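Structure in structure tokens, see below.
Chain lettering (A, B and C) follows the sequence in which the chains are written, and residue indices restart at 1 in each chain.
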Amino acid sequence: MSASSPLAVRFEHVSRHFGEVRAVDDLSLDILDGEFFTVLGPSGSGKTTCLRLLAGFDQPTSGRILLHGRDVTGQPPFEREVNTVFQDYALFPHMTVGDNIAYGLMIRKVQKQERRRRVGEMLDLVRMLGLEQRTPAQLSGGQRQRVALARALILRPRVLLLDEPLGALDLKLRQQMQVELKAIQQKVGITFLYVTHDQEEALTMSDRIAVFNDGKVEQVGSPPELYESPASQFVAGFVGVSNLIRGGVAERIQGTPETFSVRPEKIQIQEQGTVLPEGYCSVEGRVREVIYLGVHTRYLVEIEGGDDLTVIQQNVEATSMEVLAARGRRVRLVWHPAHNRRLGRRA
Amino acid sequence: MRSKAEGSRPRAPLGLRLATVGVILFLHVPMGIILLYAFTTDETTFSFPPPGLTLNWFQVAASRQDVWNALTLSLRVALVATLAALVLGTLAATAVYRSKFFGREAISFLLVLPLALPGIVSGIALRSAIGMTDLPFGFWTIIVGHATFCIVVVFNNVLARYRRTGRSQVEASMDLGANPFQTFRHVILPAIGTALLAGGMLAFALSFDEIVVTTFTAGHQETLPIWMFSQLTKPRQRPVTNVVAVFVIALTSIPILLANRLTQGPPE
Amino acid sequence: MSTMQPVSDRSAAPGPPTQAERTALMRLATFLYLRPRLVLALLLGPPLVWMVVIYLGSLVFLLIQSFFSLDPFTGQVIRVLTLATYRDLWTPANLDIFLRTASMAAAVTVATAVLAFPLAYYMARYASARLKAVLYLAVLVPLWSSYLVRVYAWRLILAKEGIITWFVSQLHLTLALEAVLKAPVIGGPSLSVSFMGMFIVFVYVWLPYMVLPVQASLERVPQSLLEASGDLGARPGQTLRHVILPLAFPGVVAGSIFTFSLTLGDFVVPYSLGNSSFFIGQAVLSLTGTAFNIPLAAAFTVVPMGIMAVYLLGARSLGAFDAL
């Protein structure tokens, strides 16, 4: 019997090889009970494989997977206490919404009265009351997604796996669903393991994030940790925009030629010749491109040494005309050295 | 070529339309003519125009014992062969869809071989092979032949439906706690149901109508096509053959139309 | 742990089944799930055994039989490998049969291609979606429905006293028909007993097999190619000859595989509408009748198989398999 372990999921040196290809390479990861944990990475990084290994659709080549202290490595998916929300929702087209949601209960031979009651609860939770009799074909994308969620949650799994569930929705709907999902997770209190390639999504919803690259975990941490202290060039580039300063310029600023990064919103643009604040770093450059985005403006500045730096500034006072006029101008970039981040070398 | 008129397709040249109509008529008028001849009063020749029309022959056909025997044999054979084809075809399609294995592409080729090779080749091969064993030629040997070329019809239909359905529903079902047997019952079977039906009906039509291979494997038994074949040189009661022919057309056209409906409809 | 709304806390979460609850079926399910290779063997086994043992086995056995021979005195098969049967095959009478069948097959193939093309072209390029579906069924139903009945229908139609004769006499063309029937080789006592008649019936029954691949390959020709051709100055007839026909050709070759192969092996049509000059199919059938000579029958079937093998190789190089 599983004790009430604070560790919902543990991957112990899990590898999944497909011949030469290592989809997941010596993965060791802990996920805490009750947290919203995101696995973030580009396509092919192994994040979906990781999820499938936990769900039971795939068996690891080596290593163990523990669910609340129990070794589930050999168990088929129908014996594991995890449920999945699939990327394409995987609703059963020949069943109504109500039957879809009740499917797991029906399999477990729960009585009809009880089933109906719990389906009603779920529909209320995902705000789809009154739509039990519809079939999936009659639903919109967002509605199908909610049915998929309800179908998985109704079984009260210890861990809920979500495989890029919002990918097919348009931006506004996606942002709305992100908020709703987070709210549901906190209300229901179960561990969410969320897989996505969208770093903004990860930053919005997660308690902790694991950044995957090429089958390995580059860094695990809370959103602020990842953003402000990226452990490697990859993380710096994948989570937010990173500006890499290297070579001669790096040496001039910090004394060694090791590459470091600075976040774009930490840099200010000054006119050449203005007074440099005490202790700040600076770099000369020319504004190559100005991108006006309403709330803020993104500048691409070509600096000494040839690299581009991205600078983001909020349009607090400036108008669009003013910012766009900056194109081509020679400027100076200044920032406080506390924002410099040394990066670990990539594995 | 003139660019398309806005909106609708261009009209085909007159010659092409006439040719199309002509070919379609060529394909279907002969069936109508058989229907006509089922009512003729002339019982020994195929004279046109028919000297008179009567419904008599339908009754005569219904009272002919040899017609009934042939009909029931054909029905029984078709049912059993279809059943065998359904089982074997579904097993094969499931295997091919689920797993990658050495020789996967060869399976489709192997299954279509009985239909691709001329009937006499399959027929005589089976005949000589069965002749080596002690099996008597009859009901079961006919079924062996029929099932062999019906498998591919079911296989293609079921495999196509598998491909259209995809894997995630099966995974979702298992994720929700259903073991593979329960998943088959609640998710897979409803998904492939109409494909099974369509494949089964096509297999039925194929089996019911088959003459070439059956001639070699039937021994002394008479299926309906064999009966008809033997009537070709008999000069008496010709309209009875026509009546049977009309019946056969109806019996095989309907499954084909239905099967077509079933596989065209929307999957959900 | 779970902080669900108070009302639902009554029933605990239904966890995974305990050891006691797991029925034999469930244990079997788990056992099989973790052994995909075993499942594959169970699934693939029965159909594979059936096809390989029963069907391929018979074919191989047939091939071997063609290398046996028949003892002329006892009528028993001598199980000694020999080429004697093939030598027996190589007689002028048999060569006639092969030639006759092959020429008919070629003629039928050409005729079906000519007839199928307009219909296929119309379906692919001009028919609306609805009309196309109807036409498709109009071709599909004859293809799947009773082949014997369709042959029989033509026996009625071509009979001496039948509808064609009546029609011809109405047009006062009877003399022309008789002249045709007197033609050597293709003529005969009546249309229903002549090569001419057989030819018509062959074309009739195999036509759907030609229409469908041609239509499929015509459909694959993008409209933009035709427009480009016109744009570069070609008249419709030239576009047809230089663009459409070459692109449709693989479909024609694909269809011809069926028409050629089916004609090579058929005995029903020659039997219903032919005379005593045998076609391959009839020869094979007769050799399993009173003149029971399986080795010779086997050798006979090897010939069309060989022809088709060569034909298929040629067809593959012409791109027919992509069109199927």
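Convention: a residue touches a chain if its C-beta (ideal position, glycine included) is under 8 Å from a C-beta of that chain, and two chains touch if they have at least 3 such contacts.
Being a predicted model, the structure only gives us computed values, none of them experimental.
Distances between chain centres, each the mean of the C-alpha atoms, put A farthest from subunit C.
Simply put, of B-C and A-B, more C-beta pairs touch at B-C. Separating the centre of subunit A from that of subunit B, both taken as means of CA atoms, is a distance of 54 Å. Remark: subunit B and subunit C have CA centroids separated by 13 Å (rounded to whole angstrom).
Shared interface positions of subunit C, defined as residues touching 2 or more other chains, are 29-30, 33. Along subunit B, residues 179-180 each make contact with two or more other chains. Shown for subunit A are the residues in touch with two or more other chains, namely 76, 78, 108, 155. For subunit A in complex with subunit B, the residues that touch the partner chain are 55-57, 76-78, 82-84, 86-88, 90-94, 103-104, 107-108, 135-137, 151-152, 155. Taken in their complex, subunit B has these residues touching subunit A: 166, 168-169, 171-180, 182, 186-187, 190-191, 266-268. By the touch criterion stated above, subunit C contacts subunit B in their complex at residues 25-26, 29-30, 32-33, 36, 39-40, 43-44, 46-48, 50-52, 54-59, 61-62, 65, 115-116, 118-119, 121-123, 125-126, 128, 133, 135, 137-142, 144-150, 152-157, 159, 161-163, 165-166, 204, 207-208, 226-227, 229-230, 234, 236, 239, 261-262, 264-268, 271-272, 280-281, 284-285, 288, 294, 297-298, 301, 304-305, 308.
Subunit B meets subunit C in the complex at residues 1-3, 9-12, 16-17, 19-20, 23-24, 26-28, 30-31, 33-34, 37, 45-49, 87-89, 91-92, 94-95, 98-99, 101, 107, 110-111, 113-114, 116-122, 124-129, 131-132, 144, 147-148, 151, 179-181, 202, 205-206, 208-209, 211-212, 215-216, 225, 228-229, 232, 241-242, 245, 248-249, 252-253, 256-257, 260, 264.
By the touch criterion stated above, subunit C contacts subunit A in their complex at residues 1-5, 7-8, 11, 13-17, 29-30, 33-34.
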